[in-house]
Each structure stands twice: as C-alpha cells, then as structure tokens.
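What follows are several structures.
In the two complexes that follow, chain A is the common piece, with chain B as its partner first and chain C second.
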Partner chain A sequence: MKHPELTVSVSPHIHSGYTVARMMYENAGALIPVALAGWFFFGWPALKILALSAGTALLVEWGWEKLFGPPANIRDGSALLTGLLLGCILTTEVPWWIPILGSLVAITVGRHAFGGMGNHPFSSVLVGWAFLEISYKEILETYPLAEPRFLLEASEFFSDPPLIAMKDDLESILEVPWSELFFGNVPGTLGTVCVLAILLGGAYLLYRRIITWHIPLSFIFSAWLFALIMWQVDPEVYAPPTFHILSGWMMFGAFFLATEKGTAPVTPLGMIFYGIGCGVLTIIIRTWGIYTEGVPFAILLMNGATPLLDRIKPGTAGRSR
Partner chain B sequence: MSEYLLLLVSAVFVNNIILARYLGNCPFLGVSNRLDTAVGMSMAVVFVITLASAATWIVQTYVLTPFDLEYLQTIAFILIIATLVQLVEMFLQKSIPTLYRALGIFLPLITTNCAVLGVAVLAIQNEYGFVKTIFFAFVSSVGYGLALILLTGIRERLNVAPIPVHLKGTSIGLITVGLLALAFLGFAGMVH
Partner chain C sequence: MKTIRGLRVPGLQDDVSPAGFRHLPVPERVVLPLEFSLGKVNPVVEPGQQIRAGEYVGRDENQMIPPVRASVSGVVTEITPWPSADGQKLLSVVIEANGDEEVVRLPLNGNGESKPESLLRRIAEAGIREVDAYAWPLAVRLAQPSLTPPILLPFAPALRKPVRYLIINGMDRQPGVSVRRNAILAEEKELLESVPLLKQITAAETTLITIYKDQKLPADFERKVSSLGAELLKCPRTYPLALKQGLIPYVTGEKLPGPNDDARSVGAVMLDVTTAQRIAAACKEGYPAVETSVEIIEPARGATTHVKVREGTLLEDLLAQLPDRPQNPAKTIIGGPFLGYAQYQFRIPLTQQTDSVVFQSKDELTHFVNAPCMNCGFCVRHCPMGLMPGDLSRLCEYGHFEAAEKAGLFHCIECGICSYVCPAQRPMVQLLRFGKSEMLAVQEAS
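What follows is the complex of A and B.
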C-alpha cells in the first residue's frame, strides 16, 4: 500500500502555504529586474538567451523525471531558477547551443547526479558555467557593447568589460564615474552588469527572507576590505575597492549565486565565514589569476568547504562550555 | 622568502598534487568517507612525503648522480620509499606508540602511494636544493591533505543523499573530485 487513504502526520497541522516550490518561483521572480536590465542594455538577444537556457533546463528536468522519477520534479521550480541564473551569466553574443549545453550540464552533472535539489555540493549553475568556460573560453569571453534602449547614452568609457580593462590598463578605469558601473552601462554578461537591478532583486530576496544578510554582506564587505588593503599597499598596481565591488559578477554572485540553497552553510557564523572566503578568493583570483572573473571560482571553492563550515554549530542551550 | 611563499601557493593551490597533477587517487577515494580517518591519513601523508623526499634527494645527489646511475631513479626511489616507511613504522611502534597508533594503518598504506614517488621525482626534476626539497614536499603534502579533507566533508554528506543507484559510491566520488578540480582551476596561472 503505497498511498494510504488516510495520512496521519505529526503536528503542527496548519501549513503556512510557503513551500519549496514557492520559494524557488519567488527567487526566480527576483530575477525580473535583472532580466529587464539585460534587455535594456543588450536588447532582445538577452531574452532569447534566457529563454533558451531556462527552456533547456526545464526540458532536461522533465526528461530526468520521466527516466528516473523522484527526486527530480519539474514543478518545484529549481530547474527554472537554475536555467534563468545560467542565462544571466552568459553574454548575448554566445551561439544558441551554449546556453543549451550549459543547462544540460548544470541539471545533469551539477544537480541530479548528486541526488537532486538540496543535495548537490557545488552550485549547479556554476558547474554548468565552469564547464563552458573551460571548454569554450573564447566564445564566452566575447563581450557585446552595452547599447541602452532609452534614457542613457551608450558608454564611451568601455569597449571591454571593466575587469578586462583593469588588467590591460589600470589608468583607464580611474577616470570612469562610478555611476556607469552602478547602472551597468558597460560591456559584460547580460544579467550581471546592472548593479541597480541586482540590488532591487536582492532586496526582494532579503525582504521575503529567502536569503539572509549574512552571505551577501560578508561577501561584498570582505572583498571591499581586502581590495582596500591591497589598494593602500600600492594604488599604482591594484584597482580601487569600490571598482571591485561594482564591477563584474560581484553583486550578482553575492545575492544570487553564493546563496544557492544546499550549497551554502546554514548557521550564521558559517555563512559569515563562507562570505569572507568568497570575497577574499574573488579578489585574489581577479588580481593574480588568468581568468577575468574570480567570483564563480571563489564560490565553487567555498561550496567545497561548505560541509566543513557547517560543522560550526551553536552549542547546546543551557549547557556551560 | 618570497620564493618560498610562491612555492607554497604553487604547491598547495595552483599545482595541487591531487587536483592538478592527479597523483595518488586511490587512497584519495579510499579514505575520504569519514573525517577522522581523513585527518589521520593527511597527517601520515605529510609525514611520509616529507621524510621520503629528503631521503631520495640525498640518494639522488650523493649516489645516483656521481655514479651516472640516473636511469635507476624510479626503481631506486621505490625501494628507498618502501624500506624507509617500513623502518619508520617499526621505529615508531617501538619508541613512539602514541604517534604510531594515531597514524595507524595509513602508514604502510601510503608506501605504495604514487604521490610520494611523484613529489620525490618532481623535486629532483625542478632541481631544488635540500631545504627547498623538504619545504616543497611539506607544502605539497599539505595541499594533498587540504584536498582530502575538503572531499571528505562533501562525501560525508553524499552518503545520505538519494544518489541514483548507478552513481553511488566511487563513481560519484570521482565526479565530485572532478568538480573540485574544476573549482581549483580558478587558481590557474597565478604562479608559473
């Protein structure tokens, strides 16, 4: 008897109606401003990329559910979220098969090989992205110019993404007003350029308590502090800290990627250490590594350390040390 | 000083002996199921690799090179490492039983670990001096321990995850190592 007629569960019996699926859909909903910003700066191809990656993710999830059954579940929204997040970290210049391949790897190797949502040790989005980055570095790092639809003028400061400009010529980024970076009027991946839109989405996530402040704040602040120290050591060689936190994937990573459920620690102290690790590693990889962007690798590395960070547990209440 | 610092970053992160050079996979997957055994294994690896590299360096410099016997390097090193570890084991059992018990089964186990031979040969190939060889061996094995402990944390969790039945055990362990190596690629190119 697999499905008994009468199911008796333990109390509490009143359900808030807040389910995992709803959380996933709300999390995906927080990407609306990000997607709009992508459309605003890069035009309709942005929506095409998002649709391709999300569509493939849903299709693969559906196929896996048909083949292997639970815990794969297309209705829980996690596949949609993964697909959308992967679309956000690609440029609009990539050929059509890049988001499809990325989603395929993210959902199969990144997630279901490990037993589905909540069990995968590494952020599935970043597994898909890292696979693409290692295999097709040239394709992934061809950046389109930002061409705002209305209100803003196309930027004359950047022809390369800020982080590449930083590596090529540090002088060139110093005269750029921070507002250019804040509004995202720079070349880059479609979901990550506009800090304003990401902050809007992140504020919604915080307001709905889908994420807590610990990871984003410690991530951004530790990156800022570490960059500040380096900048104080030698301003000729290292970029100013504000530039670091406003450029690249920093904001997107802190609010959307580092907080992926199941891959980040759950205790407050663990989350703070996780954020600090992400922030410091990001600046290290950005400054000395061969990859343009340090955020994804920093998050993947800290994902690896998450089980150890989860060993930091609060003591038993009422018991002295 | 900065030379040694670079060597440390290089050996622990950039050219991590397991995640970038793929040496010593068998014990890596074999003992990464429980954290306390992984910690014991890491300590034993640090101990043995450092000691073995020092011994092989001496043999290479004062026996093999003067007599033009470099072509015997591999077999000589294997012999030295195996006998050395056995000797150390007997010595520890007799004189420091506490340490012997702490290292336990891992000491004889890593005699046949290719990472030990790998580090010894790498140190010779890179033409390090004696002190630098010891330092290189120490930080390489620390990198091995770091990767081992990270993997163990993840695998302890995977033990309770509903992994598809065909991927259970070593298969998912190998996939996890692959993804961990993918993450460590972020350090690529920092030190040449």
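What follows is the complex of A and C.
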C-alpha cells in the first residue's frame, strides 16, 4: 500500500505561536514611551544615542552569527533589545563612540562570551554599562539639564541628578514636589528619568505577561520599605523613601533591567527574594556606597545569586516519593 | 478546593453545537488489540472461526482485565501483531465482517432491582475501556470496599478506603477536542441512568458531574442531576484540569502521591461521561461495549464530526466511509493536539481508548527547534505539576538523568504545556520523555 506522506513527531502537536522574536520585539516596543520621554526632555540627541547603540548591537550580533553561528541570531530581536536598553541608561552628553563601544562589549562579552542567549549569568546590558562606567566614569557622569519640549517649564530645582543632589545636600531635595521626579523633569540618563513613561512601558510588559509582577513590585516595595525604616531612624541624614523610588534608575531597573530573561529567577518565591535583594542592596549602595546610583550593582549582584534562588522550587503537585 | 496551575487555551473556550453522532455502517473488517497498558488478555478464538458481535475473542484468566468482545459478526481471519495508535505492535484479532448489525447482548438477570455485585460483574464483563490511563481496571476502581475481592487488598490497600467522591467527568481532556461535551448533549439519557447505578456500586458520599463553566448542557440538566442526588461542579476552563492529576486535587483538595497513582488513594473514583454511558448501556440494555465514538477534527476547515463506529475499525476504512473526508492532511494525530500520537499511516484500529483524530494541514504544522533555553520562566509559570520544565529539559538534554529524576522528572504528566508556551520552541516533551526512557532503561539494567 502506498503510504500517505505524513509528518510524525512527538506530542504536543500545537504551539502557542508566541516566539522569542515576538517577545523581544514586544519588549522593545515597551521602550517606545521611554524613548519618547528621552526625546521630550533631552531632545534629538536622545534618539541618536538609541540608534547608535541599537545599530551597533545589531551589527555585532550579525557579525557574530556569520562567524560562529547559533545561538547568535539577529532575527530574534534580543540584540536589538540589548542595544536599546543600553542606550536608555546613557546620557545625551556622551560622545558618539560611547554607545557603540558599550553595545560592542554588551553583545560580545556580556552575552556571547558566556555562551549566548539564556546562558549569560549577568545582565548583558549592565555588563556593557559597567565596562563604560569603569573606563569612562567622567564621561558617563556628565549630566545634561532637562529641557522639556513643551508643556513643562525647565526645572528650577535640579542642576544635578536627584541622587547627586541628595548626597551633596539632603535639604535641597526636600522641597522638590514629587511630580517633578514623576514626570522626569530632572537631569539624568535619557531613558530613566521619566517614571510615568517607564510605568506605561512596564504596564505593557505586565499586560503582555512578558514579565510578572513579582520582580518589579518586590524590588520597588522593598526599597521603599527599607528607605522608610532608615528615614524613620533619622530624617536628618536619610532621604524620604518616596524620593528614593522616584529617582535614579529605580523604576527602569525594576521593570526593564532586573527582568532580563535568563538572568533572573523563574519561580515566584525566587523572584520575590531576588526583587527584595535588589531593592535593599540599591538603598544600601545609594546610602553608604561610593556610587551615587545603586541599581546596576544591586542587579548585577543579584544576577549572581539567581542560580541559588532558582533552587526554591514551586511545590510539586504530588507528595514526594 | 484549590486553584490549579495550567493554561487557558482557545479550544476549551469555544463551545460545541449539539452535533450528535453520525452512525457509520458496519465496516468490512475490524482489528481488536488484546494488549493494554493494564496487561493482556488471551485469545479464545482461532483463525477461521465464525463469530458473532458481542462474543468473546479474548479473556483474562484472572478476570482482572476486561475481556475483548467481537465488535462485528464474521470470520476471524488472523491473530497477529498490528500497529497501534501509540506506535507499538500489539497482538490483535482480525475479523472479516459479514455486514450483520446484530450484537449479542449480555445476560440480564430479569427486571427488578439488580444487586451491586451483579452490576459490577456486568461492568467487568462488558469490555469497557477508557481513554484516560488509569492504574486499575474500571470495575476495581468502582467497587466499594465490601465488594472488592479480598485477594486484591494486600496489593492495593487504598481499596479499603470508602469512596468519598464519585467524579463523573464531563470535561474534555484537552483543547481542541469536544468529545465529552458532545456526549453529554447527545446521550443525556444514558448519562443520567448511570448515576444511580454508580452511586449504588461505589456507595460514594458525594457524587459530582464535573463540567466546564458555562458548558452547553441539555435542557434542565442541573435539576435532573440534583434530583438523582448528584451535584454539577462547574470548573474553570483550564487545561489540564480534566486530567486526573488536575481534577483530583481540585475536587478533593488532596494531591495524588504520584502522578500515576489512582484516585482511590485519596478516596475518589473518577471516570468520564462516555464510560458512564457505556456502563448504563451495559447494565440497562445488556449492550456490550463494542462501539467507540471518535471525533474527526480538521482545524483548517473548522470542521468537526462526531462518529460512532464499531470498535477496531481501521482509520483508513472510517475515512473511506466519510463523504467529506479530509483532503491531503500533512499530519494525522490520534488522541488530540496536546496528548495524541502522530501517525505515519492510516491502517490503525480505532479503539475505545481513542477519542479523536486530528488532521492538520501543512500550515498548521508546528516545528520545534533545537534552541537553547533562555530561562524565561514561561513553562514554570504554567506547568500544572509545579515542576521547572526548563531545568528538567536542560538536564535531560545534557544527560544528567539522575539529577532530573531528583528534580521531579517522573511527576511530569506530559501534558505538553511547556512545549506549547516555550518561546524558544524547544521540544520539551520530547526531551523529558527521552530522559524518562533513559532512566527506566538504567533501572531495568540494574
């Protein structure tokens, strides 16, 4: 008998159609409000930086794929996302070669040297950034003033990013209305100042279920709680908790950086501990560390703890045998 | 009751129209396997022998495994290994049919009340087989402790426990299949008749018919069910809630000790509505289980047909009898999109363990790829057994089978959700099965 030409494979015979590429492009799409906010406060250079970092990331990924093959894959969108995220944590004052160098390091060292997608233990974005920070601290920490395109007036409160202002003179930040911080009318890195835009993007990530609430919420809440305790202890020395969570990279880190796939735990409890670790370490570094911003180091440290946290298994649906 | 992890997938959501069954004429030949996951029965016929539909072709000496009955009248032509839907070769009896529609009935002991013992014996004799894989035969699971043969008790102490819950499951096993929803609509009478019988046999404290929330039901169904002393339990439309590993914890609040243990170990009996209907037909009409209902699904055309055929009809013959048979399928799956087996040919007998055949067109084929796990956690979010499928699949991929076993590999029920959601499109179930078979091979060798 002539056999019909049939495909044979193991079950299941159906897939959701939700692929890595779709996830990565949606994740990148969530950065649209963030990028717009960058343009709104810092002008066209913001988009130039993003284009340079994203373009380099794509180019490097393409080259790596040509040379070494998978798991490098330019079509899955992960390089694009890495490049865009890196651009978001730079200022508009940096020279053109900074985003290019950062993306180069992020993709080669941060990602592929460790074995590519899913195998790199540390956030590739932050590895690229840390390299720049260590090598070109001065360049990275030159902040432009926020100059809103329309609607808002240029802020009279800050000539330095809020966290630097906090270290210099705690008094100076106390009279700032929270709305300034919420809208992001402050000096800083181009993608991290506007809390409103980040929340919009974060809400989209949550809505599409690309991330769950566990990491961002526990990150932000634990930072808030820890800062509240310190503030209660001595309001003369420590900044109010709400100031902490509205300033710096807190929101951007919680929604976009700490949740980078592959570097964060995947069980609910693991994610919550991870978030708490990030939040508490952030405040510790901000308060007592030599760095003004604690978020990137907190996340990198907790990235390192991820394999440990992933041992916290969800309860298996069956008594153990 | 507890909430269940799992997945809402289109397919459980859309409801069936009351299509009823299309009865197909007696086929020219049937192939009846004698081997089952529970064990095998011995042939009691010889090639060349004349046989009538409903008579024995295979029996178990210990009478534990239900007998196999001829599903058509005709001549036994051979007893030979024959490919089955799950890719094995099973010793099977082939009968050339003579077109006679008559079926020999089971002996009925008069009208009037039947005692539970005799009902149970008739169920055991009717040759009923089930789509879900259960650890024990139907009649053993159903029997209340006083009806259980004492010889079994040392092997299965759980059978000493009285039955707290009798669960008649009307929820379809997996998205894309509507066999049970259709069966409730089309054969309401048999289902309702089975309830008092089953209550009598199991002496269950609580009798439940589980359905999906807002599932289409016959008119006035809820009242009729409660007048029989049973309850309708409306469950969320989540896959794989309809499988025992999902439903038993959901109903009883107790986890099964292992995924393959029987519900009796937590004092529950579970069976599906089509089995209940077969029980009613056997007990009330003396009708042995010689038919099977199969849903023919063609997602590309949005077509689904419910047919009733004699057990053992070959898929090939069934297709020949369908006026609108699927044209040039690229993939043929017996047993549904999530749990079924892909076939490479059509000469496969359809048994009572088969509930559906899916024909996928070329565009619908899924291709899993050999991509690395990106540790996104989607599978962890959805695994109904609370496992970490991503980790397990990596352990199996790199040959760390013992570590995988420690991490719960054998609790995996192969529901396929992790493969379905994995954005990297890893062949998750394939990797996990590979790990399991390697582990079993090691255990057998030692």
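A few notes on this one:
Note that in this section the second predicted complex is superposed on the first by the 309 of 321 C-alpha atoms of A that agree within 3 Å, B and C clash if a C-alpha of one lies under 4 Å from a C-alpha of the other, contacts with A are read in each partner's own complex, and residues count from 1 in each chain.
Convention: a residue touches a chain if its C-beta (ideal position, glycine included) is under 8 Å from a C-beta of that chain, and two chains touch if they have at least 3 such contacts.
Please read all numbers here as calculations on a predicted model, not as lab measurements.
In the superposition on chain A, A:Phe122 makes contact with chain B only, not with chain C.
Once chain A of one complex is fitted onto chain A of the other, the partner contacts of A:Arg286 are absent, as it touches neither chain B nor chain C.
Once the two complexes are overlaid on the shared chain, A:Ser16 sits against chain C while remaining clear of chain B.
Looking at the shared chain after the overlay, A:His244 reaches neither chain B nor chain C.
In the superposition on chain A, A:Arg111 makes contact with neither chain B nor chain C.
In the superposition on chain A, A:Pro71 makes contact with both chain B and chain C. Shared contact residues of chain A with chain B and chain C: 71, 115-116, 119. On the side of chain C, the complex with chain A involves touching residues 5, 9, 176, 245, 249, 255-259, 328-333, 337-347, 358, 360, 364-366, 368, 371-377, 380-381, 384-388, 390-391, 407-408, 410-411, 414, 416, 419-421, 423-425, 427, 429-430, 433.
For chain A in complex with chain B, the residues that touch the partner chain are 68, 71, 109-110, 112-116, 119, 121-122, 127, 130-131, 134, 281, 284-285, 288-291, 294, 296-298, 300-301, 303-308, 311.
The touching residues of chain B, counted against chain A in their complex, run 149-151, 153-154, 156-158, 161-164, 167, 172, 175-176, 179-180, 182-190.
Those residues of chain A lying in contact with chain C across their complex are 1, 3-16, 18-20, 22-23, 70-71, 115-119, 212, 261-267, 310, 313-319, 321.
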